[in-house]
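Dropping a structure here in structure tokens format, bear with me for questions.
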Amino acid sequence: MIVVLHPSADAAAAREIGSIARKAGLRSVPDDPAKPRRLALVGAAPDPGGALAAELEQRPDVAAVIRDEGPAPLASRHFRPEPAPVMVGPTSIGGGGPPVLAAGPCAVESRDQLLAVAHAAARAGASLLRGGAFKPRTSPYAFQGLGPEALRLLAEARRETGLPIVTEVLAPEQVELVAETADMLQIGARNMQNFALLAAAGAAGRPVMVKRGMHATLDEWLLAAEYLLASGAPGVVLCERGLRHFDSRTRNILDLAGALAVRELSHLPVIIDPSHATGRRDLVTPLALAGLAAGLDGVIVEVHPEPDAALSDGPQSLDLDALAAMADGIRGIGARLAAPASAVVTPGIQGWISSR
Amino acid sequence: MIVVLHPSADAAAAREIGSIARKAGLRSVPDDPAKPRRLALVGAAPDPGGALAAELEQRPDVAAVIRDEGPAPLASRHFRPEPAPVMVGPTSIGGGGPPVLAAGPCAVESRDQLLAVAHAAARAGASLLRGGAFKPRTSPYAFQGLGPEALRLLAEARRETGLPIVTEVLAPEQVELVAETADMLQIGARNMQNFALLAAAGAAGRPVMVKRGMHATLDEWLLAAEYLLASGAPGVVLCERGLRHFDSRTRNILDLAGALAVRELSHLPVIIDPSHATGRRDLVTPLALAGLAAGLDGVIVEVHPEPDAALSDGPQSLDLDALAAMADGIRGIGARLAAPASAVVTPGIQGWISSR
Amino acid sequence: MIVVLHPSADAAAAREIGSIARKAGLRSVPDDPAKPRRLALVGAAPDPGGALAAELEQRPDVAAVIRDEGPAPLASRHFRPEPAPVMVGPTSIGGGGPPVLAAGPCAVESRDQLLAVAHAAARAGASLLRGGAFKPRTSPYAFQGLGPEALRLLAEARRETGLPIVTEVLAPEQVELVAETADMLQIGARNMQNFALLAAAGAAGRPVMVKRGMHATLDEWLLAAEYLLASGAPGVVLCERGLRHFDSRTRNILDLAGALAVRELSHLPVIIDPSHATGRRDLVTPLALAGLAAGLDGVIVEVHPEPDAALSDGPQSLDLDALAAMADGIRGIGARLAAPASAVVTPGIQGWISSR
Amino acid sequence: MIVVLHPSADAAAAREIGSIARKAGLRSVPDDPAKPRRLALVGAAPDPGGALAAELEQRPDVAAVIRDEGPAPLASRHFRPEPAPVMVGPTSIGGGGPPVLAAGPCAVESRDQLLAVAHAAARAGASLLRGGAFKPRTSPYAFQGLGPEALRLLAEARRETGLPIVTEVLAPEQVELVAETADMLQIGARNMQNFALLAAAGAAGRPVMVKRGMHATLDEWLLAAEYLLASGAPGVVLCERGLRHFDSRTRNILDLAGALAVRELSHLPVIIDPSHATGRRDLVTPLALAGLAAGLDGVIVEVHPEPDAALSDGPQSLDLDALAAMADGIRGIGARLAAPASAVVTPGIQGWISSR
């Protein structure tokens, strides 16, 4: 259930309600630890007969109790009625702000490859750099990423461009290592219901981007976010990357309406990944523009200096010119991207970078 | 096979090749009857051993023979390398021109309802009026449309607004009646592979809009267009209206990438129907903007003066204010709609209307 | 609504209730015209406030009124609580009886081909002969069937083997012609929501087999049956033939659980078509056995004397030996097929044949 | 590539080829370490120009080199041309032997619950006991299993009934603990592409059952098996448990044809899970019979003494009587189950148990 505090309620009231909840086997999570306005009481134990809700409703410091908060209360609008931004390094995603562009290679392959893409991304107005260090590959024999060396290169690219980094984590035991470098952890589509990984990633102290499984309902996607939030993630970004379908001319089918519908249910930012959604370079920019025109919170695309020589995902990677053209297209539909980090590489940002 | 004529070839050459094709059991279809540049030779008979193709390649009036023209040659870019516009009354769709907006009620319910929507559509910049006279309904007991009376009302709305009319035809025996009034016939998604209907509609002398079946591959969709073209349709417009999927929070899933991919394969215009694609009024405008930002040739939406009182499709119908807001949104992303017919209700157009 | 008559109610009571229903804009359909036990009151008009139901419940000749009969009352168990057999010529399908085997070529190609298959089908224990006269083809250029000549050959095969015939009808204007020969009309998957065709086929006086669309929900399938029943079809057989899916190694995916679930909802017989469900000859017999082991009412399979030379559906057609082996397999799982018509080619049957 | 050794080749020849492969960056895996007949040379490095294959083909101890072994060579029929049994404790699965029945609760809830089900399973002819200790749950707040205590109870149930145990593992760090007790590890559908987990489970020294993801192609499923085999799994069993689909009346759709098709490609045993495939108790037995009639290698079902009180998956759990009835049904279609372990609780088996 969600407890809406009375405007006059203070922190002591929130603590007291938390204590009552604990006795009922529930955990109380505040929407804003500094100044709670709502508390989500979550846990396995139900509230049989609604006694707890009824008790809380009687309190003068409680304005209302929401009982139909759904299966994913922390991710829901019942808990936070307005879209809430997620901070990734200096970049703000969602919360009604301008959309973000995240760009970078599928996999980090070399210093030269990564820096070329990172600088092109910054020039194009991106405010996030993506790049895989550990790659989930369908075949056990395929290139699995450069691992720790890729993390070092990503940190260097961040120093050079000011762009914060999002990179994937594949197993609970990798989380700590990846979280040392990444500004945002990524959970891939195939791991969206890898619950052990969600629990570990949520506890790492970094925001997490969770891709929708290629078969997942919106409710399952929100529950993946709920795992992250219930484990303590300071922010969660939802990323729609296409669902499996029956036509072989495109790889997946982008569920734009689903991405919009999930944002109605949740305060979390929602972005799209048109690269994985189509598997075809020529369709990436049109779908990116589509997503921004529809009002979503950003796009994430794969970019490679020489797509045809890429070790993975070449057919769906933009080259550097195509990335610049996409940025032009974005301006063409009147969208203003979130101020890219590179434009604000001020002492403040430098301080942020050097303090890492 | 597709025969590319030499630039110097004249109509006699085209006739001669047609005659050779006929002897081989094939039919020759010119891309432009007045000035053929390409001929599609179509039919059940294959070209065993490629003898016919080899023979034609030797002719001085033949520049090239395309043998891998695919299953739908008339609909393909092999036949017409560039997007070709389809004229619907005074409205031009596709061919690289500005996108069109088609709007109107799901079903024609009354004179007042239809005229209110038609005028609002004209004001919003629509250049086509949609409206169902014969409705395909899942249940035999549901409202099946006003039939001939609806056709009369549609003709009246056209006289008042200048907007040409697209309306659905459900059975071969209805085609003649509907074609008397409609400027463009519509084949619904459930009839996309009703081959008898396709053959009849293609022969009616009107352009035809064919919706993609909720299960259809792009190739099957193109073959539906091929049925229409092979039967003589003067133009075919493809309309993506969403595929069936597994999540219950939206009704269907719009295949924007598929709509773009089919236009790469075909010279035919491709528009989207965000009303049926989502089943949710609040998602119609975002998806319409998405489709236009992606560069498609138009959108078709359902509008009703009082959606909650609609006899069909109320939940997905825009009201008149929402239609106007959508038009604002379209301008907001920098899209310029095709000049609406109402803006050019000049003597010429009046002549067109009165001559009908 | 469904009116359950009191056991003592007579035909006059049924007529009287029908008359009341008509005044309320509804049509009354008896489960058994000779001795009605239940009446379905169907139509567009709702029963506002439930006044009609309340009135009928008060009558002494009414035992109960069922108000939640669902969208397809005539097809439902509310109307007929027990599985009801459908008679196709001398063959009984469903109703709790033994399963039937229907076999025959995809398309009738020649007299020799058809008779060879028909005799093999009879020997294998089939009690229905299938064969296409009019073929729905994805391409306008493909072989479309022998048409009326095929109907003559089917009639000859019936005379020779005693097997009743099921063959497809594609358009309303074909219905009368096809119904002259066919013992059961077939509605193909792509026409499952061709409502004009359903209405025409239902009125032809023959039982109808309706295949499930490759995208259809169980409720939509039942509503297709409802169209047929509401138009007067003397019997409807449901046929599951596989749904479209994403894996390319089989053509469709057979929904065995859906076939079982629809039979829980409906009194209609349900059979499966493993040929279209898989598109692969080697998988036809295992799936046929699966369907019979699951307790369904029959299987329909495609058979050709030389599958690799078939004009259509060769890859999924059994040859004559494989058909015999399938019959052995059926015995191997302990299933007893419905007595094949050929075993009862008695004067009675001959009379039935000659009287046609 | 797969190297087919000459019948006269000895172990030294296999070692020598392995050494050559290593120099080319490949690993050589023998089909039978004791007496290799085929070697799979696997790894990321391609064989550019086919030089290695050409070299090996020249050797007198090599009968043939298969170059189109597909993406999952170890799982393929190219590596082992015949179905190969997998031993799970005393139970043999696949290899052309009689089918197996695996039964047990969704989750181990208590000693009484587990032992009641285990004894009923043994009586019904099961030769494997299933039961979840660690449960993957869509919600972070749902019951997640009894964990280590459940493993102790499973071991007790094995001692009492002789049935070997299959239980799920959710994270790499759980593998060692679970493998101490389990006779076969289970990878759930949602973890089918959790590659870190596959690698860890494959290295645990136990056979592994891998469920097909609800969105997975057959090739992806085989690649999951390949991960396990490449990590050293002594055996892999494939389990089809239904794919996500669009109809809400059943939970998933069982891909029986896919299960058969994957067995044509692979030597691995393939079983079905009708409980998860349908989500409906009433459909479990019909689908189990269907799978066995189709010739698959076994079924795994969920059983609970009181399904309506189950902490998870109650709606799809059989009760003890229904399990016995299913066993009757299996006999009714002429299937003979693999001799259940309980029938051979001889000193040998006791020795097997006590030696664990």
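Per-chain numbering from 1; labels A, B, C and D assigned in written order.
Quick note on the criterion: a contact is a pair of C-beta atoms (placed from the backbone, for glycine too) under 8 Å apart; a residue touches a chain by one contact, two chains touch by 3 or more.
In this text the structure is predicted, and so the values were computed from the model without any measurement.
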The chain whose C-alpha centroid lies farthest from that of subunit D is chain B
A-C compared against B-C, more contacting pairs
B-C
Measuring centre to centre with CA averages, how many angstrom lie between subunit C and subunit D?
39
What is the distance, in whole Å, between the centres of subunit A and subunit C, each centre taken as the mean of its C-alpha atoms?
51
List the centre-to-centre spacing of subunit B and subunit C in whole Å, with centres computed as mean CA coordinates.
35
Among the residues of subunit B, which ones contact at least 2 other chains?
215, 244-246, 248
Parts of subunit A lying in touch with subunit B, wherever the complex brings them together
215, 217-218, 243, 245-250, 253-258, 260-261, 264, 277-278, 280, 282-283, 286-287, 289-295, 332-335
Subunit A partner contacts - residues on subunit C that touch it in the complex:
244-246, 248
Residue ranges of subunit D in contact with subunit A within the complex:
42-44, 71-72, 136-143, 170-174, 190-191, 193-197, 199, 213-215, 220, 223, 226-227, 230-231, 244
